[in-house]
Amino acid sequence: MSSTFGKAFRLTTWGESHGPEIGGVIDGCPANLKIDVDAIQHQLSRRRPGQSKLTTPRDEKDQVIFVSGLQDNVTTGTPLAFRILNTNAKPSDYSNAASIYRPSHADFTYEKKYGIRSSSGGGRASARETAVRVAAGSIAEQLLARHGVQIVAWVEKVHTIRAVAAEFPTRNAVDANAVRCPSVEVAEEMSRAILEAKKIGDSLGGVIAAAVTGAPAGWGEPVFDKLEADLAKAMMSLPAVKGFEVGSGFSSTDLKGSEHNDPFAVKDGATVTTSNFSGGIQGGISNGMPITMRVAFKPTATIMQKQSSVDEQGNEVTLQPKGRHDPCVVPRAVPIVEAMTALVLADHYLRQLRHRNRPAGETP
Amino acid sequence: MSSTFGKAFRLTTWGESHGPEIGGVIDGCPANLKIDVDAIQHQLSRRRPGQSKLTTPRDEKDQVIFVSGLQDNVTTGTPLAFRILNTNAKPSDYSNAASIYRPSHADFTYEKKYGIRSSSGGGRASARETAVRVAAGSIAEQLLARHGVQIVAWVEKVHTIRAVAAEFPTRNAVDANAVRCPSVEVAEEMSRAILEAKKIGDSLGGVIAAAVTGAPAGWGEPVFDKLEADLAKAMMSLPAVKGFEVGSGFSSTDLKGSEHNDPFAVKDGATVTTSNFSGGIQGGISNGMPITMRVAFKPTATIMQKQSSVDEQGNEVTLQPKGRHDPCVVPRAVPIVEAMTALVLADHYLRQLRHRNRPAGETP
Amino acid sequence: MSSTFGKAFRLTTWGESHGPEIGGVIDGCPANLKIDVDAIQHQLSRRRPGQSKLTTPRDEKDQVIFVSGLQDNVTTGTPLAFRILNTNAKPSDYSNAASIYRPSHADFTYEKKYGIRSSSGGGRASARETAVRVAAGSIAEQLLARHGVQIVAWVEKVHTIRAVAAEFPTRNAVDANAVRCPSVEVAEEMSRAILEAKKIGDSLGGVIAAAVTGAPAGWGEPVFDKLEADLAKAMMSLPAVKGFEVGSGFSSTDLKGSEHNDPFAVKDGATVTTSNFSGGIQGGISNGMPITMRVAFKPTATIMQKQSSVDEQGNEVTLQPKGRHDPCVVPRAVPIVEAMTALVLADHYLRQLRHRNRPAGETP
Amino acid sequence: MSSTFGKAFRLTTWGESHGPEIGGVIDGCPANLKIDVDAIQHQLSRRRPGQSKLTTPRDEKDQVIFVSGLQDNVTTGTPLAFRILNTNAKPSDYSNAASIYRPSHADFTYEKKYGIRSSSGGGRASARETAVRVAAGSIAEQLLARHGVQIVAWVEKVHTIRAVAAEFPTRNAVDANAVRCPSVEVAEEMSRAILEAKKIGDSLGGVIAAAVTGAPAGWGEPVFDKLEADLAKAMMSLPAVKGFEVGSGFSSTDLKGSEHNDPFAVKDGATVTTSNFSGGIQGGISNGMPITMRVAFKPTATIMQKQSSVDEQGNEVTLQPKGRHDPCVVPRAVPIVEAMTALVLADHYLRQLRHRNRPAGETP
């Protein structure tokens, strides 16, 4: 059941990095939703490896193929299943390292958990599976867009270089450079740092910020499925993520309650807050203000340097670098963060449909 | 379904701060587990309000009453249900504020979600419900202890005051002072800051760190129910939590891959890592090293100062302070973090029981 | 998780026949529903033992006590928890038989499953737990009634005596006699048979029929959660149930397709079927016609006659009759069948709320 | 979520009768299980249309293609996904009837539920989707076989012709004739009846019996997930099923408790029952005796005769027969009943792995 995400808008995924395909099936997408397949492909192309010199040269077309649940690109209410072929798998790249546990990868833990693991590449642990999340997230996003909800994510920090945005950027502004940092000058600095790391076979991490605008008050369910709890789970289930913050996050602890509380006020007839340390969520439920969060990605575990490790037979060995690597996954992770945000919000949009008691006689 | 947590070790809770009781039912606790009720009460007393001058004077005995699933304190495999009475509810404390949305509380969002909310206190949104989590978490902890798993949490930061621990403290060391910070000198400084805030009717937040030792490699399920994802959800579902980190967390982004990767080595015949930036989890699965995390709690929303707000009729008003308040919830939140950790680990302990194919003929 | 029923309208139950109480918590009941507690008590009184000379003399008041989720009898959207005290438990009645497995009871299987079982009475396996289902089912029924859905069940067969109803009876007609068979003459014959069985310490089974009117077309979810599949699970989860039919049931096999198909026609502007062998469900989804079903209850396992059995030590022994017994549970099971029907339909009512794509901009 | 079945051994399916493929993904199958793909194909060939003159001429190869979770035919613990191509779809067969609701099909109810339905054939409602169940069920069966559990189903009744088996047949005996009724003479009579119905464009239903041997005591979970409740749901979720019985079923009502109770006795050192009216299940938990059940299938709704119906515009019309039809699905449904039985038992096998408290220190 751990390959299923969501309760009302449910995504189940499969596939390994070096098998023939990856895929997913969405159960619970409302019927009669017109799907824009180009929009899905666009998000996939933003996640795709090989899109710039900052990323791994592994090149996947990532064409989404629908096999169920669509008729003339309109959802029928039945399971929406789709496949994405693995066209560029090169198992041989990984063969000599197959018996050595790569540091900070999942080789060792998969072996311990299952007593067996895929003989090449990351198998199911590879970030390859996130392509399915991006495709499904794009569908969720299209459902949300009908109701005025917009999601944007961007790179806020690479290694020790941080950009501070005065306001939420547009996706176009985010995509104006390969780093996906809307601050042009900082982006160039980040780009240089990534290329420098690449040159020496090293890797960098970073922080992605995200914002949701247009979500109404009332989404999220106490006490365990609070909106921030589901967002946290969504992000922390991504490969390489080590931290999550909503609203003021860890920096909230530097403030006093009198500084941190968000006063209510009336604006254009609506109840709003005049600050947004809450990040748009109070008591686990959206309050109508922008939902804001941050996600920390560690530096990629795959590096092109010698490392100390242990092999399957329990011998201490030196791992020789081989294969392809992504010096910094953060730019490619932007659409993934957007996708996970969309999956959580679409789920809570649907869940909220049944919380208010309907007028007598109104039946679905 | 949002009041249920866990898939194999499942806790469902109910109750509001000013109703007659709160309670919980655990479905999935293995049979024949001897329950130490005193140990549950001990954890409840650590969470209890009124335990020191640092906390709210609201005083609840928090006696756990089992009504199902136990025979002579041994689990029978059937649902383990328990109640905790609300003995000190004072609805009148809240009456004059009933129609005003308290800033950074859940009054407004509950109203928007359900079209109705409890007329006094926080109702279901009150941190009162965490007592049920603590009781259930203690049972989970007892199940885990049989298998050598130990959990400890402690206060690492209050407001801007941070303690740095060289190693994991014992619970005794944590409880040596009312702040629950094992560093004695820093604890005193934190205590002064909390009392100072209390004096001016203000509040402080802080960071709790936690560590799990003795968990074997193999717990946690890719790709969505990664161990850190479930821990993140557990913590972010707590009232007032704004951030979560596993292992190196946000600080991982300051390192390069060559610095951050955890090399494998052999120690006493076992495969270990010589650093633990991973926080004991790789690819969502425990690797046998200590599991480490951090949780950020915002400053309590209830303060004894005037605040700007809006009432139910949409008028901008000033909220007058009244009632009781907790100047810093972090010391009391220590057993709550331990409880949520235990619930997640007990769940994954049980889930892992069925992942390896059993020998032919071995049936349960 | 096996003590939870439903996906959107979710009931979780606890309690054993000889513990202090039984109880339940409903998660997912919409807010702002006015609860008629008398209506709940009325259904509980119909299920209650000791209500007539046809039933066990064990007498339970079965007063429902709400402890969460209600304010002035209106639902708040938070978990609706309630307790029912066990006021007439007599563990001593069962003591001498404690070590002997009662034939066709669950003593042996609980022992094998859990390695432990309650030392007296049926524990969790007792039909006592169905009181919780009846209370929860009454709430579900009140939610459904707002939308014009009516449920009625009645006794169709006791032992070999069968009544044939020309049309669906009212609940008043059902309750006109203690057997709850709307055919007065057949009811008297059934009553005599039950009293005769009681006299010789034997027991009888029977069949309960049920009908749902007013449910709109569109409820039920393919392919696994078909409406009849969830109804079947609901009924087969009741103690003593051995069979379930929807619509024409087993007798459908005696007909040819040309005889069994339900032709569509137009009546008062609506599409209806001119026969109803389908029992109101096609492809797992309601079609707007009455939903009809039948449930078979075996003769009660508790009899007042000597029986061959085995004790916990593996010795063949003779079980001596002792305690109280219910010569025929079928009359008391009528409100239980109604309750399980209501739980299934309320669940699918809520689930259907999210299947159609809402107009752009319409958010909950 | 309605396209997912099971809690520990979870199957999620997708696909429509006239799309490019159908498929499924199993989450929770233990690692290191060697899969016999031929055995899967064998069960698929038993379900396959076109296998004899008794069935529809629609001919599907039904080759299962694994795309995830297998390495050298051994399970890796990750999701086991597979596809089955639709090679013989002929949408044009259905075109003229597209706007008319076929009697006792799901056209009308899908339209009412989703506001849209597939324009040809049964779409998701077609029995085509059961091929996925058969493939998944075969995998479940292979897991169960390792632990000595055997499943067999056979045709007991076609139209009014009933066979009475003295003992459980082997699969070979079942497959000795095209009807899959182990009683040779009765099978011939059934065969003639089916061919006679086919000739006049009519259809017949029937009853399938099934038995499970070798299942240990202890499987099944009270109170809602009783083994018979999950089996009932499994069978009632199949297209065309109208009734389900476990053990004595509806005929239990003809007996008194003293006749129907199953006495315990000791045989070869084990506790057994000397009769088996319980059908191997007591209190929802297996008792080690054979698990027996019966499933009623209505006569196929597709017939080659004129029928009264209504079209999408609400006009009463006559439906002209066209296309292919299956005069009696019962013989082909035998492996489907076996598959659903296997899915339920594999689920409960895995669930039972965590019910007993493990020895201190024993961790998975």
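So that you can tell them apart, the chains are marked A, B, C and D in the order they are listed, and the count of residues begins at 1 in each.
By our rule, a contact is a pair of C-beta atoms (placed from the backbone, for glycine too) under 8 Å apart; a residue touches a chain by one contact, two chains touch by 3 or more.
As the structure is a computational prediction, the values presented were derived from the model and not from experiment.
Chain centres computed from CA atoms place B at the largest separation from chain D. For the interfaces A-D and C-D, the C-beta contact count is higher for C-D. Chain centres here are Cα means. That of chain A falls 45 Å from that of chain C. If you average the CA atoms of chain A and of chain D, the two centres end up 39 Å from each other.
We define each chain's centre as the mean of its Cα atoms; on that basis chain C and chain D are separated by 26 Å.
In chain D, the residues that reach two or more other chains under the touch definition are 1-4, 7-8, 13, 28, 31-32, 75, 77-78, 110, 113-115, 124, 216, 218, 222, 352, 355-357.
Interface residues of chain A, counted against chain D in their complex, comprise 1-4, 7-8, 10, 12-16, 19-23, 25, 27-28, 31-32, 67-69, 71, 74-81, 83, 110, 113-119, 123-124. Note for the complex: chain C touches chain D at residues 1-5, 7, 13, 101, 103-106, 108-110, 112-115, 122, 124-125, 129, 157-160, 197, 202-207, 216-226, 228-237, 239, 241-250, 252-266, 269, 271, 273-274, 277-279, 281-288, 296-303, 305, 307-310, 314-316, 351-352, 355-357. Those residues of chain A that touch chain C in the shared complex are 8, 28, 30-33, 75, 77-78, 143, 146-148, 216, 218, 222, 349-358, 360-364.
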